[in-house]
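Take a look at these structures.
Two complexes come next, and they have one chain in common, chain A, joined by chain B in the first and chain C in the second.
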Partner chain A sequence: MAKRLPHRRVVIVGGGLCAALISRQLTAQGVDVLVLERGIDHANGPAARLPSQRDELRWAQRQGLMQNWQRETYTLRHTRHEESLPVRWMGAFLPGEGVGGAASHWNGQTWRWSEYDPALRTRYETRYGKSAIPKEMPLQDWGTTYAELEPYHDLFEKLFGLSGKAGNIEGLIQAGGNPFEAPRRDEYPQRPLEITEAGIIFKAATESLGYRPFPGPAANSSGTYLNPDGQRLGPCQYCGHCERFLCEAHAKATPDGLLYPLLRTRKSFEIRTHAQVLHIDYDRQAKRALGVRYLDLESGEEYQQPADIVVLAAFTMSNTRLLLLSGIGASYDPTARHGVVGKNFCYQTQSGVGLFFRNRWINPFLAAGCTLTAIDEYNNDNFDHSALPFLGGANISAGVTNGRPIRSRSTPSGTPRWGTEWKKANAEWYAHSCGVGAQGSCYPHVENYLDLDPVYRDIYGLPLLRMTFDFRENEVKMSRWVTEKVGEICKAMAPDIMGPVKGLQGPFDSRVYQSTHVTGGTVMGADPRSSVVSTHLQHWDAENLFVVGASVYPHNSGYNPTGPLAALALRLGDDLVRYSSRPRQL
Partner chain B sequence: MSDEKKPNDRRSFLLQAGLAGVASLTSVALPAGASTPDTALIAKTEPAARSFHSLGPEEAAFIEALVNIMCPADQFTPNGVDCGLAIYIDRQLAGPYGQGDGRYQSGPFKQGKPELGLQLPLTPEQFCKAGIAAVNLACKRDNGATFDQLAPAAAQAVLEKIEDGRMTDPRLPLASWFNDIIYALFIEACFADPMYGGNRDAVFWKMIGYPGLPATHTIDMVRYRGKPYPGAQNPKSIGDFS
Partner chain C sequence: MGLYLRCILVMAVVSALILPRAARSDAPKKAAFDQCAVCHSTDGSNGTGPTLKGVFGRQSGTVAGFRYSRAMRGAGIRWDEKTLDQYLSSPQEFIAGNVMPFSGVDDPTERASIIAYLRALN
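Right after this comes the complex of A and B.
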C-alpha cells in the first residue's frame, strides 16, 4: 500500500524548465510548491565539470543525461494498421532525466514563434480560404494571442540572458535582426554570439540573393550577465559541448543553473529527486485531481502525495502518458475522430545540404549550441502559399554548433565508409565542411497520435506510450520545396563540393537523431471537444489540474519549441497564484 | 552529413568505392601497392594491451582482423590494432554498453521495419559475438577459412557483402550487426577520447585536426575564425587533464 504523505498546496510533476518557471512565480508569492523529479541532480557531478564534461562518448553517444530506455521507452508504428514495436534505444529525440530536464542538455536556441502561430488556423483560413486547410490536418488556434504572451517572452529572455539581435521592436523593423520576428518590446538582453566562418559565408550568399540573414537567438551567453533574479551567466567558451551536455562554464542558460538555485533559497519550495510519478489520483465524480502517486527510486517505497493543485510539467510524452494512465480525459480515437488525449502529435521536419570548401577554415569545434546564422523568408507562412501544394515552411540556417569527432564529421558523398580513402576524406574535410539546414514546421495529421500500447510495459508494469507517427504528404512536400531553396543558397555559397539536395524522406526513423522537439498530445484550445486543456492550460475534466509543456502545442512551428513553452509556463505561474487564492475555472 | 550515418545511401557510394585502402593484417606482409605505415606514429605507439575482457581468442582474432581491414596502417594512422581499436571494442562489450545498459529489453520480441530499431533479445555483446560466429561460419563455407584467416582483399569483400545485405544468415540480421553494432563501435573506437582504449595517442583527432580539450575557445573563436587552428596539431584528451 502506498504511504500517504502530508498534503501540499501545489505539486508539480517533472523538475524541468516549466516546473522551475512556474515555481518561480508561485514561491515569490509564498505559495507552497513541491516538485517531483524522477532523476538526480547532476549539478556537482562529472557532467558539470572539466575534464569529464568533454566526453562525447559518455554524454552524447551513451546518453548519460537522458531518459533510461530500459525503464521506459515508447513504441512506434508508422500507421495505425501496423503493429507497434518498442524503440529499444531511442536515437531520434532525447528527453532528459534529472533536475533541469531536457533544458539542462539543450543547445539553447530560443525563438519566439511567428506572431500568427497561436492563431494559425485563422491565419490560413483568412489568407487562403477555408478550403486551404486539408480536412486531415486538424490545425487549431490556441485561444490565446502572441500579445498576451509577449510580456512573458520578455521576462524569460531576461531571466535567461539571451544573446541576439532584435528584428522587430514594437513594429519597427531593425537592421541586422529577423524582419519576420514577432514584435518585441526590447532589444535582446545581450549582444549576439560571435558569427562562425560558415555564418560569414552564408550571410554573404543570402544577402546576395536578397534575403535578410540574422544571428540566431541564443541562450548561450555572449558575455557576463546578471539576471533580474541576481543569478549569473559566464561568457560562452565556444567549446561545442552544449546539446547533450551540461555547461561547466555556466554560460548556457538552464533551469538547473539559473532557476533551481534561486528556488532552493525560498522557504515555500521543495524539490524531491528520485521521485517517479506513476499516477494522478482523480475523483471522476467531483472532477478533481486529488494528488499523485510516486515511487521513491532510492527506497522503492510508493507514496501517495495529496495536493490542492496538480501541475503536469514533464516532457511532452510523459504529460500525455500520465493523463492516459490515470484515465483523465478521453483517449483520441482516429477512427471515430473522437477523444482528445494524444491527438495532434507532431515533430519537426528537418533537412539539410552538406558543403565542402577546400580553402575555407570552418573549424567546426569553434562553436556553441546557438552559433547559427539564419534566414526566415521561407518559414511558416512568411511567404505566399496560394500556389503551393502545402502549408508551413522552415527556418534556414548555417548552424555549426559543434565539431565533436564521433558524430559531427562530414565527408563528401561517395566517400567509402572505412579504409585509407575514408581516412583521407576525413583528414581533408573535417575542418572545411559545414551544412545548411532547414528546420521546418510539422502540422498535425489525424493519423498521427499517441495512445497506450496494448502489449509493451515499462519496468513498473505500466503500459508504454505508443507513437503512431510518420511524416505525411504536407510535410514531405514542404520539405522538398524549402530544401530546393536551401540548394540555391548553397550554390551561392560556392563550395567546392555540395551534397545532394533532398528534402526530408520518410519514413520516420527512430534511430537517427533529428531533434527533441516532439509536441502535442495534451493540446490547448478554447473548445473542450478539440483540446485537453483550456487556453489557461487548465484541464477541462479537472479544474485543479494543469498541463504545460510542448505537449500543449496544437502544431509545431518551424522553430525550436522552448520560447513559447517558457512564456506559457511563466503565465501559468501567475495564473496559479490567482487560482490558488481563489480556485475557479480560469 | 557523411555516408557513415546514412545506411540508405550505402549502395551509391559502394559503386564508387575503390579498394585502394586494403592493407595488412598484423600477421601478413603488406600487399604490393598498399601505403607504408608512418613509422614515426608507430614508434610513438606503445605495444597494445592484449588481454581481452569480453572477447574469446577466436572472437579477438576476428575483431583484430576486422579493425586492421577497416583501419589499415597508412600515412594517416597505424593499423587498427595498434590504434587500440580492438581493445576499445572489447572494453565496450564487457562494459555497460555491451551488457545492454539503458536498452529496453522486455519482450515480446518481434521483427519489424528497420526504422523501429533493433528488436533482438540479445545484448550488444551477445549480438556482436553471435554475428562473429555466423560470419565465421559463412566464411568457412564460402572461403574455407575463418574471417581472420582471409587475405585482406577477401576480408574486405566479405565486409562489403555483409554491410549491404548480400551476405545473410538464417537467424541473424547480419547487415544490422555490421551497421548498427560493429560499424558504430569502429567509429567510436577511432574518435572517442583515448581513455577508452581506442584512438591511441589521439591519432585520429590529429588526423582530422580536432584539438580536443580543454576547448575554452572564447578568444580562439575570433582569433582563429577562418584560419588554421594551431592546437589542432597537438590534441589534448581527458587523460591530459586528469
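Right after this comes the complex of A and C.
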C-alpha cells in the first residue's frame, strides 16, 4: 500500500530545466511547489570537480549522468509491421537523470527557432498551396506565435547569460549575426565565444560562396556574467568537456548551476530526489489529476502525493509514457488515425562531412559545447521549396565541440580501425581534422509514433515505451539535398582530404549518438482532436494537468530544441500563477 | 605656519592626490575580481573554491572545511603579492596538479588590481 503524503499545491514531475524555470516563476509569487526527481544531486559529487570531472570513460562512454538503461529503456521497431525489441544500451539519445536533467550535461547551443515555426502548417500552405504538405505528414500549428514567446526567450537568455551575435534586432538585420534569426529585442547578453580555427576556415569559404556565417548562440559564458537573479557565470575555459559533463568552471549555464541554488533559498520550494514517479492518479469522471504515485528509490517505499496541480516536465519520453501508463487521453492508433498521445514523434536529421587539413591546426581540444560557426540559408523554409521534392532543411555549421581522447578520433576513410596504421593516422590527423555538419528538421509522419510495448517491462513491472520510428522519405530527400550543399562548402574550404558526401540514410540506428533531440508525443495545439495539450499546455482531459518540454512540439525544426521549450516553461510558470489563484480552462 | 597647519595642508594635498585615484581604481579592482567571484567568496564561506577572505598572508591550502587537491595541500606557499601574481598568471605552472578550473589572468595590470583587492580584504 502506498503511503499517503500531505497534500501540495503544485507537484512537478522531473527536476530538469523546465521544472526549474516553472518553479522560478511560481515561487517568486510564493506558490507552494514540490519537484519530484528520480535522480540524485550531482552538484558536490565527482562529476562536478577536477580531476574526476574529466573522466571521459565514466561520464561520456559509460553515461554516468544519464538514464540507467538497466532500470528503464525503450523498445524500437522501424515500422509497425516489425516486432519491437528493447534497446539494451541506448547510444542515439541520452535522457538525463539527476537535478538539472539533461540540461546539466548539455552543450548549450540555444536557438530561437524560425519565426514561422509555431505556424509551420500555415506557412507551407500559404507559400506552396494546400497540396504541398503530403497526407502522411501531420504538420500542425502550435496555436501560439513567436511574438507571444519572445519575452520569455528574452528572459531565458538573460537568465542563462547567452553569448552570441544578434542577426535581427526588431526587424533590422545586423551584420555578423544570423540574418534568418527571428526578430529579437536586443543584443545577446554577452559577446560571442572565440571563433575556432575550423570556424575561421568555414567563415571564409561560406563568405566566398555568398552566404552569411555567424557564431552559434551559446550557453557557454564568453566572459564573467551576473544574471538578473544574482547568479554568476565564470569565463569558459574551452576545455572541451561540455556535452555529457557537468561544468566545474561554472561557465556553462545549467539549471543546477543557476536555478536550483536560487530555488533552494525560497521558502515555498522543495525538491525530492530519488523519487521515481510511476503513475498519475486520475479521476476520469471529474476529469482531474489527483496527484502522483512515486517510489523512493532509496527506501523502496511507495508514496501517494496528492496535489492541486500536476505538471509533467520529465522530458519527451517520460512525459508521453506517464500519460499512457495512467490512461489519460487516447493512445495514438496509426491504423485508425485516431488518438493523440504518442503521435508526431520526431527526431533530428543529421549528416556531415569529415575534413582533413595538413597545414591547419584545428586543435579540437580547445573548444566549448557551442564553438560553432554556422549558416542558415538552407534551414527550415529559409529557401524556396517549390521545385523541391521535400519540405524542411538544416542548419549547416563547422562545430568543433571537443577533442576528447576516446571520442574524437577522426581518421580519413579507408584507415584501418585498429593497429599501427590506425595509430599513425591518429597521430597525423588528430590536430588537423574537423567536420561540417547539417542539423536538419524532422517532420512528423503518421507511422512514427510512441505507444506502450505489449511485451517488455521495466524493473518496476511497468510496460516500456515503444518507439516506432524511422527516417522517412521526406527527411532522407531533404538530407541528401542539404548534404550536397555541405559538400560544396567543404570543397571551398579546400581540405587535403575530404570524407564522403552522404545524406542521412535509414534505418534509424539506436547505437550511434545523434542528438538528444527527440520531440513530440504530447503535442500542443488549438484542437483537442489533434493535440494532447492546449496552446497553454493544459491537458484537454484534465484541467489541472500540464505538460511541458520538447514533447509538446508538433514537429522538430533544424535547430536544437531547448530555446523554445524554455520559453514555453517560463510562460507556463506565469500561467500557473494565474491558474493557481483562479483555476479554469486557460 | 605652525607644524599642525602644515600637516593639515600636506594631508589635504596628499589626499587630494590619493583619494580620487583610490576611488577610481576601486571599481576596476572589484570588476576584475568578478571572474573569481563565481567560485570564491570574500565573506568566509566556501564555494567551488575556498573563501579568499583573509587570503593575504595565509598559508596555501589551509581553509578549514575546504577539500583541497593534494597538490594545493602540499604546496607550502604563503600567499603574498609575489606568489599570488605567479599563481594567477599561470595556475598550473605555479602549482602543477592543482585543480582550480581557471587558466589564469594574462594581463599584469588586471592581476595587480585583483591582488590589491584581495589585500584590501584583510
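Just so it is clear, the second predicted complex is superposed on the first by the 586 of 586 C-alpha atoms of A that agree within 3 Å, B and C clash if a C-alpha of one lies under 4 Å from a C-alpha of the other, contacts with A are read in each partner's own complex, and residues count from 1 in each chain.
Throughout what follows, a contact is a pair of C-beta atoms (placed from the backbone, for glycine too) under 8 Å apart; a residue touches a chain by one contact, two chains touch by 3 or more.
What you are looking at is a predicted structure, and each value in this text was computed from that prediction instead of being measured.
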Quick check on the superposed pair: does A:Pro179 touch chain B, chain C, both, or neither? Answer first, second, both or neither. neither
First, second, both or neither for A:Gly352, with chain B first and chain C second: first
Counting only touches as set out at the top, which of chain B and chain C does A:Pro463 meet: first, second, both, neither? neither
Look at A:Thr420 in the shared chain and tell me whether it touches chain B only, chain C only, both, or neither; answer first, second, both or neither. first
Once the shared chain is lined up, is A:Thr224 touching chain B (first), chain C (second), both, or neither of them? second
Looking at the overlay, does A:Pro51 come into contact with chain B only (first), chain C only (second), both, or neither? both
Touching A:His250 in the superposition: chain B (first), chain C (second), both, neither? second
Applying the document's definition of touch, where does A:Gln237 land relative to chain B and chain C: first, second, both, or neither? both
As a test of reading the superposition: which chain, chain B or chain C, is in touch with more residues of chain A? B
So the chain A residues that chain B and chain C both touch are 50-51, 235, 237, 239, 249
Which residues of chain B touch chain A in the complex? 1-5, 8-10, 12-13, 16-23, 35, 69-72, 74-77, 96-97, 100-106, 108, 110, 112-119, 156, 159, 163, 180, 183, 186-188, 191-193, 196, 204-205, 207-218, 220-222, 224-229, 232, 238, 240-242
Spell out the residues on chain A that touch chain B in their complex, using ranges where they run on. 50-52, 54-57, 61-63, 68-70, 73, 76-78, 82-83, 85-91, 194-197, 200, 235-241, 249, 352, 354, 360-361, 363, 365-366, 403, 405-407, 409-411, 413-424, 426-427, 430-431, 435, 455-457, 499, 505, 507-512
Please output the residues of chain C touching chain A within their complex, sorted ascending. 34-35, 37-39, 48, 69, 99, 101-103
Inside the complex, what are the residues of chain A that reach chain C? 49-51, 53, 223-224, 226, 232-235, 237, 239, 248-250
